[in-house]
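Down below are the structures I want you to see.
Two complexes, one shared chain (chain A), two partners (chain B, chain C).
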Partner chain A sequence: MTENAPATMYRTDEGTGPWEHRGKVAAVGVGHSPTARRWDGRAETCVGAISLIALRRAIEDAGVDPAEIDGLVMDPVTTTGAYWPKGKPVPEEVTSAFNSTDNPLDGIAGLSAEWILKNMPELTGIDFTMYGPGCMSNAICVAAQAVGDGLANTCLVLKSWHNYEGRYYQGGANAGSDLPGTAALHALWGTPACYGTALQFAEYCRKYGKNHDMMAPFIENSRQNGLKFPEGYWASHRPEEITPEDYKAARWIAKPANLFDNDLPIMVSAAYLYTTAERARDMRQKPVYILNHAASNTRPRSLTPTLDEVEADTARTARKIYEGAGITAADLSFENMYDGFAQFHQFHIEGLGYRGMKFGEALDFYQTDISIHGPNPILPSGGNIGCGRSRFWMHTDCIQQIQQRAGERQVTGVKPEVAVSGGPMPLGGRFTVWSATPD
Partner chain B sequence: MILISFDIDGTLTVGDPPGILPMDMVRAVKEQGCLVGSCSDRPISAQRAIWASHDIEVDFTVSKHMLPDVKAEFEADMYYHIGDREDLDRRPALEAGFEFLWPHEAVDMPWVDGPDA
Partner chain C sequence: MPKQGVVPDDLTRPFWEAANEHRLVIQSCVACKHLQHPPAPVCRVCGSDTVEWKEMSGRGTIYNYGVVHDCPIRLLQEDQPFNVAVVMLAEDPGIQMYSHLPGTPVDEVPVGAEVEVTFEATANGQMVPEWRVVGSSGEGGEPA
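Let's turn to the complex of A and B:
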């Protein structure tokens, strides 16, 4: 059975110096599945099937013999809010299309490493599997550390998402009448998911004299970038911009967070191929070297982190990121921090001190040229707002930008040499520093 | 005068997911002289693009919570909103003083064939 990565795999402390594997691990291959708004019930579109597509595309992209791959790191949970209805029969035509595990919903409502290996017979050399739970931001940190530590030499990293009919976050245990602990306050009797971030944003606006309308250029820019991401949902299915007028006219979900401050749950999978810097040199794509990975394990004092806690932690995270990578904020060519919800993106980049930014300055920064063609690109991936809910567009974009193959999305106002990406939330996130060179 | 507000996703065939009401029906209703528009969670610019791509000139395109604004702006004898969601269509429509129709009910309305519009 595959286990979650132990705490020792993560770099959570300050003052530990440069990462011991700095520049010795690289990302090479990228593979994405097609996207869909919801699962249509067919075997070939279930979350397991799209995962196989993404993995095979990453292998092909890297130009690696599948038999040479010896590691697999992934997240077994494929949703945060779309649950298989209790009592609903598992579709036999789907399960019979694959080699199954003991869990009948494996490949449909979740995904184990065992399911993947049973359905990818070409992966004959895997002797290391591990879970990096939550999102790709976590899994790639685990993969980087695993390759650096020699637990795997050529390692696939996978994150997949399913989505069903019905409202997100409304099913599963949330539809019951009791939940243990503080989850009851959030999920049963509580608020929309964006409420905590909205609360922080409201305090941010009060503290710094800003307002919700100032987010409009960020949202517009994110969607424009996302529409240049052919693998993304919006570019593939509904090429709709979000103009400032659109944004300001949207309904509130949890004021001051509106509809377009939230992302759209989708079906999607992405995979990367990680390996040693030495091995990467012979692969099909240019290596993108990992300078560091860092993590936040900070727990808020109450149900929702306060703005003060958020700012303290993003600053602490930035110090860890820079120290381990041996860089400063001035070395960043661009940033790709998480945005789902849009209103915490500025917390991430203010903590980083991106382009000299201090707390309270991001919304003013958004009023300047933040496009991919300017000197200060903000979220060139478009993130979840630009591409749909996946929590991994920013990582794919960092790899593709540095490999100079981001297509229409390629940054032109800066030379893509060093970038940072990660998330999800400001407290509890996992972060990666990417580089065109190993030092 | 009748004013008809259409939800898009889950209501019109061009929606995501597709609904059952074809754009030809909207066009026919418009040609009867009804005031017609959309009230949707789609960006307003995207709503306008949908109507333009089907060569239908609508009277309004608004976000989901803006039915009261529509009622304030347009004088009509009857106000209808057609949609597929209890929480996002029916309830706010009734609160805004609109009559509400599910898509399958709308196809049976006399103004679809329209002599009295």
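Let's turn to the complex of A and C:
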């Protein structure tokens, strides 16, 4: 039985000094599945199947014998907000295509480590499995700690997403007539998912004298970078740029958040291979060393985080990131912090003090050269706005940029040596510091 | 606006029962006097499991707001776009409550303005706290 990672696997405290495994764990393989807007119902495109693709590609990328892999860290929850309709039969032609578990929806509407191992017979050496639930950001923190702690030597990390027909979050309780009392305290007023971020952004604009239009260069840059990410949804299926005019004209979802401030739910899977720095030396790809991982466990005082709470926490997170990695903001070659919702991004990078930025300055920074070819690249992955919602493009990009194999996305205005990625939200996010060298 | 009905659960029953009596109550820690909303089984500050419900004055100020144009709740979609404001309670500005601000025109929310609680019926008759800008004469819930 695979368990969730204990809280001790995450580095949530300040003042603990450099991470004890700083530079001793490395990412050596990356694998992505194809993307799709929604599941088409075929066995070969279900969330289990695309996970197998991603895992096998990561193994192939690293050039390791699958039998040498001894660890698997993953997120068993795969929903983008779409749930298997109650009472809908599970398609026999899908379940019969795989080795199943006791859960008939395993591989279709969720994913257990058991399902993966039953369907990857080549993984004969796995003796460590653990869940890092939430996002890839969580799972890679757990994997880094597990490899550092010696729980696994060569460890796969996996995050997958399923998406079905129907509008986002408009089924289930939202279509019903009643809500349970606790949920009603939040849900009765009908706010979409981006509402909380929109509120923080509204307060941000009032406090610092900014406006929504100032986000346009960031959105344009994100989509441009995303279109250079061949595995991304937009590059694969709809190679559409977003101009500043498109952005400013887009319909509101929860003003001041519009359509393009929201990312697109998709089906996709990614896997990485982590191992010790020592083992990484003779693998196919150049190792990308983990200097630190850090986490926020902060909860808002009441219903929704205030701007003060957000700024205090991003600053606290940055101190944890830098302290554990033994670096300062000046050491960052580039950043790949979370963006889906787009209006999270300025909070993350202001907290980091990226390029000397202070609170309230990110939107002015967006008006300068933030491209991959300039000295101050912003989100070279394109993030979730540029590639669709996976919450892992930014991690893949950090690895590939530092390995100098990001292709058209390769940053040229800086030497890619140290980078940071993570998210999702400022409160409750998980973050990783990547480096070309172990020290 | 026709809100979904509410089925009180153990944790929130005192809140909803008070609303039916046109009273606003918030959970308070007996040990450290910390107010908390949403409620929890224990105090989020000191961990005490002795929490009680304190009646509030029903006054507050508008902290922030957004305008919902794409609502996931089917029952509210006909009323799009609509305001959703965040109200800070007078007793403790750290305590927030949501409001559709009945009587306030869409996207004309006076941030910082004083508000007072009203109560309106949801689809199943359960009353829910709402808020009205002090001095506003628009349509909305029943007075507190």
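Observations
Everything that follows uses one rule, which is that the second predicted complex is superposed on the first by the 420 of 439 C-alpha atoms of A that agree within 3 Å, B and C clash if a C-alpha of one lies under 4 Å from a C-alpha of the other, contacts with A are read in each partner's own complex, and residues count from 1 in each chain.
The working rule: contacts are C-beta pairs under 8 Å (C-beta built on N, C-alpha and C of every residue); 3 or more make two chains touch, one makes a residue touch a chain.
Since this is a predicted model, take the numbers as computed values, not measurements.
In the superposition on chain A, contact of A:Leu303 is made with chain C only, not with chain B. Shared-chain residue A:Met130: touches no atom of chain B or chain C.
When both complexes are overlaid on chain A, the residue A:Ala184 reaches chain C alone and has no touch with chain B.
Of the two partner chains placed around the shared chain by superposition, chain C is the only one that A:Tyr195 touches, whereas chain B remains out of contact.
In the overlay built on the shared chain, the residue A:Lys255 is in contact with chain C alone; chain B does not reach it. Of the two partners, chain B and chain C, it is C that touches more residues of chain A.
Residue contacts after overlaying the shared chain place A:Leu363 against neither chain B nor chain C.
In the superposition on chain A, A:His237 makes contact with chain B only, not with chain C. Contacts of chain A with chain B, set against its contacts with chain C after fitting on chain A, overlap at residues 251-252. Of all residues in chain A, those touching chain B in their complex are 37-38, 237-238, 240-243, 245-247, 249-252, 259-260.
Residue ranges of chain B in contact with chain A, taken from their complex: 16-17, 41-46, 49, 62-66.
Only residues 3-9, 11-13, 15-16, 36-39, 44, 63-76, 81-82, 84, 86, 94-100, 107, 111, 122-124, 128 of chain C touch chain A when the two sit together in their complex.
The part of chain A that touches chain C in the complex is made up of residues 167-170, 174-182, 184-193, 195, 198-199, 202-203, 206, 251-257, 299, 301-304, 306.
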